Amino acid sequence: MAKTIIGVMGPGNEPEEKDLQIAYELGKLIGQRSWVLLTGGRNVGVMDAASLGASEKDGLVVGVLPDKDRSRMSLHVDIPIVTGMGSARNNINVLSSDVIIACGTGAGTLSEIMLALKAGKDVILLNQSKNALDFLQSLESDLVHEASSAYEAITMAERLL
Amino acid sequence: MAKTIIGVMGPGNEPEEKDLQIAYELGKLIGQRSWVLLTGGRNVGVMDAASLGASEKDGLVVGVLPDKDRSRMSLHVDIPIVTGMGSARNNINVLSSDVIIACGTGAGTLSEIMLALKAGKDVILLNQSKNALDFLQSLESDLVHEASSAYEAITMAERLL
Amino acid sequence: MAKTIIGVMGPGNEPEEKDLQIAYELGKLIGQRSWVLLTGGRNVGVMDAASLGASEKDGLVVGVLPDKDRSRMSLHVDIPIVTGMGSARNNINVLSSDVIIACGTGAGTLSEIMLALKAGKDVILLNQSKNALDFLQSLESDLVHEASSAYEAITMAERLL
Amino acid sequence: MAKTIIGVMGPGNEPEEKDLQIAYELGKLIGQRSWVLLTGGRNVGVMDAASLGASEKDGLVVGVLPDKDRSRMSLHVDIPIVTGMGSARNNINVLSSDVIIACGTGAGTLSEIMLALKAGKDVILLNQSKNALDFLQSLESDLVHEASSAYEAITMAERLL
């Protein structure tokens, strides 16, 4: 039977320290609940930090890689999905997740938020820049939710499932 | 030799009247210049209006369809690229365009703007909502440009090529 | 750390009874070894039979779905990867698998065998039609292997890992 | 209005001299008919030879590239579709073509033949190896056709449109 899959999306390159810390906490909380963590699979930024957190709690980590091989894969990924299709894999990330948590602001992350809304998926915003937050709130979408901590985001995800 | 390809992206469903009018003008200006117009290929909204404009000026229209067949294709598409991959085709739209013009605001369009920035492509904004514009300007990206008319957008594209 | 992933590919529609039986055995043997089974994820044919076998042995089942939702998903899939990209997902199936076992003959399955060879992946053939087998052997590829039972295929996979 | 699109598929690497010659002739015949030639877009093998032929007759050439940029593009491509998705773009090649002509034998080409049959598209075989031909004929598919020259293939395509 299909497990609960929580997608954690966020900057790979040049993440803020705070993004990484929250992502790590998200990973731990997801692992503790025996949910599956789904990320973009790479060994950098929010993807890597969330994967580390989940693996420390024996959570299962699915990494949907943009590359055609595993050379840039996070060491904490249990199940690499090797797409070889670059950023087009962002759509797979959102379609495969029951709920998406967007941790931090970046072009790739924002593309995932938008693809999620297009696909009718709930998105929980965490640690977004003020400008991104103002904009995303202005969309007045029932699918956009806002949390102020990893714990609140997970509680919110629980309710949305 | 590769022709100049201008991608015009914008809302398919529930476009504003003004989006359609500008898209139609963009299409005409692109056709007049013997550039190729690239759109999402469907028979609705900005895609359809731009395609009509270009075809009226004997411009070539490439439609990158999300569907697996041509059933929802604009009648003004000359070259349908049938992807069968839904919104993941948005990444193909931006990778294949020399310059992207985003006409109007919507989740799909915003995903394309973000994928374009991620891929290092120039994006010209036209007729964006105030909130979207404020946000996109706040990114302070050299790739983001702003135009206030179809003609200005095309002149800008000319410079960027 | 990345788990071992074995892809089992085979006809979805109109499988032979023997395909289903071997696929079910493959699933059980994969589950027993704590490997991950990867299939095309649908609730028909070889995909479904292999998934049932693996789930009976508490193996983890990843289903890489062609559809944009889970409506045609096998009930035995633990981790649905929802691609929304039709047969283009066949390439993800092969890139994500450590070894591919092709059980039975069909156009989709043969496309996966060819994509696997193109990507340099080992393929174990099981229960192929005489014509398919003759042809695949004629390729004289080091990547093509032939087994005559589920057990032999699994032993072969073990050596190839 | 959608133009007629003929897909010419064949080996990129290590093509036989005869493959290249036939591909070049196919390109010329396609260009003469004002059909659009669609290929995998790269600057090698059958793709390149067919593109050269079509461009010599002022035919329009669409190249659906596997890469994320144009660095390996044939110089004879007019409209590059940049997919960045590797061999997964093979499915776009077949879905976008009205008829597919497979010129020469190779793993990539065979994956395209199989994806075409899966999608219900007509495929004309040219210059296939004896083994490939025997196998493809054994499928007894109404979609599989066999030609012995570029001219015959084009005449056949004309009938199938």
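Letters A, B, C and D mark the chains as written, and numbering starts fresh at 1 in each.
Heads up, the rule we're going with is that a contact is a pair of C-beta atoms (placed from the backbone, for glycine too) under 8 Å apart; a residue touches a chain by one contact, two chains touch by 3 or more.
Nothing here was measured: the structure is a model prediction, and the numbers come from that model.
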Option reproducing the contacts of A-B, where over half of them reappear, out of B-D, A-C or C-D: C-D
Chain C and chain D, separation of their C-alpha mean positions in angstrom: 28
Centre distance in Å when chain A and chain D are each reduced to the mean of their C-alpha atoms: 40
Multi-partner residues of chain A (each touching 2 or more other chains): 68, 83-88, 91-92, 119
Chain-level touch network, classified as line, ring, star, complete or other: complete
Residue ranges of chain D in contact with chain C within the complex: 85-92, 107-108, 110-111, 114-115, 117-119, 129, 131-132, 134-135, 138-139
Touching residues on chain B, where the partner in the complex is chain C: 68, 83-88
Residues of chain B that touch chain D when the two form their complex: 1-3, 5, 36, 60, 62, 64, 68-70, 73, 75-85, 91-92, 95-96, 119
